[in-house]
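Here it is, the structure in full.
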Amino acid sequence: MATHTFRPSVYHNTFAAHAPVLEVAPGDVVRTSTVDARGRGATGERECEPGNPLTGPFRVRGAEPGDAVSVRILELTPNRRDGWASHRLAPVTLEPDFVADLEPAGEASARTWRIDVAAGRVEPDEPVPGLAGLALPLAPMLGCIGVAPARGQAISTATSGEHGGNMDYRGVAPGATVYLPVLVPGALVFVGDGHAVQGAGELAGTGVETSMDVTVEMGLVKGSSIRWPRGEDAAHLFTLGNARPLDQAAQHAVTEMVRWLTHEHGLSFEAASVLVGQAADLEVGNMFDPAYTVVCRLAKDLLPRR
Amino acid sequence: MATHTFRPSVYHNTFAAHAPVLEVAPGDVVRTSTVDARGRGATGERECEPGNPLTGPFRVRGAEPGDAVSVRILELTPNRRDGWASHRLAPVTLEPDFVADLEPAGEASARTWRIDVAAGRVEPDEPVPGLAGLALPLAPMLGCIGVAPARGQAISTATSGEHGGNMDYRGVAPGATVYLPVLVPGALVFVGDGHAVQGAGELAGTGVETSMDVTVEMGLVKGSSIRWPRGEDAAHLFTLGNARPLDQAAQHAVTEMVRWLTHEHGLSFEAASVLVGQAADLEVGNMFDPAYTVVCRLAKDLLPRR
Amino acid sequence: MATHTFRPSVYHNTFAAHAPVLEVAPGDVVRTSTVDARGRGATGERECEPGNPLTGPFRVRGAEPGDAVSVRILELTPNRRDGWASHRLAPVTLEPDFVADLEPAGEASARTWRIDVAAGRVEPDEPVPGLAGLALPLAPMLGCIGVAPARGQAISTATSGEHGGNMDYRGVAPGATVYLPVLVPGALVFVGDGHAVQGAGELAGTGVETSMDVTVEMGLVKGSSIRWPRGEDAAHLFTLGNARPLDQAAQHAVTEMVRWLTHEHGLSFEAASVLVGQAADLEVGNMFDPAYTVVCRLAKDLLPRR
Amino acid sequence: MATHTFRPSVYHNTFAAHAPVLEVAPGDVVRTSTVDARGRGATGERECEPGNPLTGPFRVRGAEPGDAVSVRILELTPNRRDGWASHRLAPVTLEPDFVADLEPAGEASARTWRIDVAAGRVEPDEPVPGLAGLALPLAPMLGCIGVAPARGQAISTATSGEHGGNMDYRGVAPGATVYLPVLVPGALVFVGDGHAVQGAGELAGTGVETSMDVTVEMGLVKGSSIRWPRGEDAAHLFTLGNARPLDQAAQHAVTEMVRWLTHEHGLSFEAASVLVGQAADLEVGNMFDPAYTVVCRLAKDLLPRR
């Protein structure tokens, strides 16, 4: 179980079979960093093209299509003292007639936020009128996590799909393990687009965007029924569906939970239906990106002991 | 502040301007009961036509269009020892190709569940293969809560809209206060369709359906910007949008939260955007009924002191 | 086969089991009139409350739940020389970011159009800058056609469903026969909301709204598989699905066409799939109303001779 | 105005900045051929990997981002005597409960169709029970037409977007000119996935899939407001939106028509609204592919003379 430290010098704006920057064995730990959605890193300097530039890809030894790779998030810490966020809910998240009655915003402009890791606080740099003193608890997450897609595709880091991608789910956070389908040999894992905090749905179109120090443990599950991203944390299993509308994203998430429960946990469709029907959570990950994300979550203590 | 005890003898399958069964003053408490979605009450006998029959309507003195009525749920307790639930996820919640590959279910049949109020447990009457010993914590909720709609409409208790209705949101539970727009004089409040427990989304098409003893406190807010149902509990404000697809339901919920924050809490659109964008929850209430329900939730401690 | 002339004195803003204004036998012809969406009739005076007030209901002798009623549109002629229309595409029909960049319209105001029945022309009363000389061919249609819904519902004439309603499909026009499911004894047929012309989708939120002289022939089909409105004209069968999003409306329309082809025309699912898959049209009726309408259309000459 | 004859030897399964096979000048004509969706060409032999393999890309001299390229379809003729089609409507096009009641289809299998170019007929090779004698008029179309996307993306030929792609619109046919946004220098135009005939919506998931001889005339429009694919034929302008749900696809198509009318035809938003609102067609291109396609169409004779 090696620990690798990787300082990125190139970044990618697509999930694709780019040349791996590092090969790791299952169980290895990678310490690295990510730039923010506009390509600015720890120093605040732009290091690359904007648009969710990604760190990676990391090649996982032995990963073949039909397997799943896992990415356990051991640490995720903003590595500079500021971030930025939109202060305007995105038009697509509001009633069309309400949007029509708003004055045009003119040039969309991001506002600066201060990030105090030691105090665990995130707050607007200039007070928002009416919200003097507002500070949110630091809750770092990765907006982008995914693998290279199949069949030679190069998918923009603006969007998401079966390969993961820009899912903007705030549960992709320290303590969570994300599982992704292996679609090319070596899987080729990418991470990026850290947020110091973000509401469900990413309704303003951004979280508090910043650069991050990231430590992840890579794993490999040989032979998996996985079709869509899965995850778990201390208390829950969760599945992520990425599509528009939210309905379809939810169908993928619910179906993937059923797939997981029936294939890997040995339940019947009836048993899976009972657990999901009477006990699951169903939350919006994002409803801003080209593909939306819905998350189906189930408490692990409901699963039969094995 | 009177306390009324009302034992229903008729039930309604529409939200409409039916003759009120009781007139209450703001602040009054009503103790009553609801039958289950098929019309069976505390004795297990059918008391009326199936299809979410409702108790009420309760007329709120002084309520006029332009106001909001509030319904605080003081108590909600199953009043018999059994309920029933579907053991099969609804086709609309699953990927179409997955549904196409399932064997037809034949006649949909509900299964019986046991409800132990004292122990706070809900469990299948016959063990589900693979889930031996499964018991869920009792978590009673009202599937239906709403008022008479405007313009002479009589809206089926299968669905929901601006008037509330069959929203099947598990947060309509003891400790919550639901606010509804007044659309006809007296508001005419209905309740029904209790579930002993239900997962988010009501993905199987039912919760554990049973009859309930219900105690609510009625209130009146004169002059309100309310357009869609709102609610609050100890820690959160929440708003409910009812529509298909989930996207539109979410747009209503998010817009209503903005409306609430700007009209009643005095925030600017920018301030509301910051709170909702970086701190709101966005959960699926139901994705089974003719109108889906999405809930936008915000922690009260983020609101400026007034 | 009697011909009835009915001059309405009351109008309805809901599809509901209102007292019939006339009972007709299958085969009878009814000559009547409709007011425009704001309740103005042939004289231009307001005769009733606005909001798609309807003429009817007409009771069809012998119609029972499980049957279909048919309404053949023999004549549909504007009975005054003006109508009105919105000159602004509805926000819901445009990209949200495009809407956000538009200046707010302020008070929506309808513009007057001139209707020349003899010349078959419809044109803006005041020239639209840049469209001098614009005249559209007169193409009268009924925005609303439907029956009383089941289970005591009273459904707003703003929306549509299995009972028909405000479908705003421009194919509901002279020469077409519309079939509707009978949901209450006598069916109770309503008509209204005439448009002198309208684009597909009713994208501006109105057609050229005016009052009409209407002549229809009522029919009855005993025992029918009908679930959603159907229609036919000289060359085509068509089915109408009403829901949001358009996807669901389309699913209803396609499924209803399959139902029609398999139940009434004796085809297998495979044969219906071949015809619909390789030869159907799929058009948007409206994408403005609370329920959207999608129309699936099939050339009659593809059907096997019987 | 040169005429190039290009016989493809490699095909692509992504729209991407692949090495151009030919550079053409605006006004040049290209005679080439396409294989069917499974990679079979005129001989019936498989020539490449299945999954909508494309012919091209053709580099258009002088095309730069911000321009539009045009592809005028001069000829499109099946070059073999058979094709294939699914005989089963796709689950996503039907009501979920209807799908749940169908017996699983088992292995999806395509059926062979005969194509008689001289007679202009397309018919199942083995009669479909109940449809003896069925023959459809030959109506060749290109399922795939598009350009290389921006920012290094390689987008699967299964789907579509702003770059065009697998739109499966039956109006991409002889006589039509398709306009596409130039996203990389030279545009890089691809064509493929010919259908001998197809219903609107591609509701069975295929047309009658076959290989084609294709002759197109390439053009270039320097400086264009184009954002989504546009087209025109003898009588109509049309715009194509590609997204899910159909609602969003329609919003793109309607907005693009407004963009075209206001930027290139000099109309105001009001004038564009009048034409689109009262006179446009709105048709489903496909509702099967990962992105659906909706087409907004407007008669050219309504446009002001310039």
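Should a chain be cited, it is by its letter among A, B, C and D, assigned in written order, with residues numbered from 1 in that chain.
Following the convention adopted for this analysis, a residue touches a chain if its C-beta (ideal position, glycine included) is under 8 Å from a C-beta of that chain, and two chains touch if they have at least 3 such contacts.
Here the structure is a predicted model, which is why all the values come from computation and not from measurement.
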{"item": "Labels of chains that are neighbours to chain A and to chain D", "value": "B, C"}
{"item": "Contact-pair overlap exceeding half with C-D, pair selected from A-B, A-D or B-D", "value": "A-B"}
{"item": "Chain pair, A-B or A-C, that carries the greater number of C-beta contacts", "value": "A-B"}
{"item": "Same-residue or different-residue interface between chain B and chain C, half as cut-off", "value": "same"}
{"item": "Cα-centroid distance, chain A relative to chain C, in whole angstrom", "value": "46"}
{"item": "Distance between chain centroids, defined by C-alpha means - chain A, chain B (Å)", "value": "32"}
{"item": "Shared interface positions of chain D, touching two or more other chains", "value": "94, 96, 102, 244-245, 247"}
{"item": "Complex interface listing, chain B residues touching chain C", "value": "13-14, 16, 51, 151-156, 243-245, 247-248"}
{"item": "Residues of chain D touching chain C in the complex", "value": "85-89, 93-96, 98, 102, 124, 128-132, 134, 136, 197-208, 244-247, 250-252, 254-255, 258, 266-284, 287, 292, 294, 302, 304"}
{"item": "Residue numbers on chain C that touch chain A, as the complex places them", "value": "90-92, 94, 96-97, 99-105, 245"}
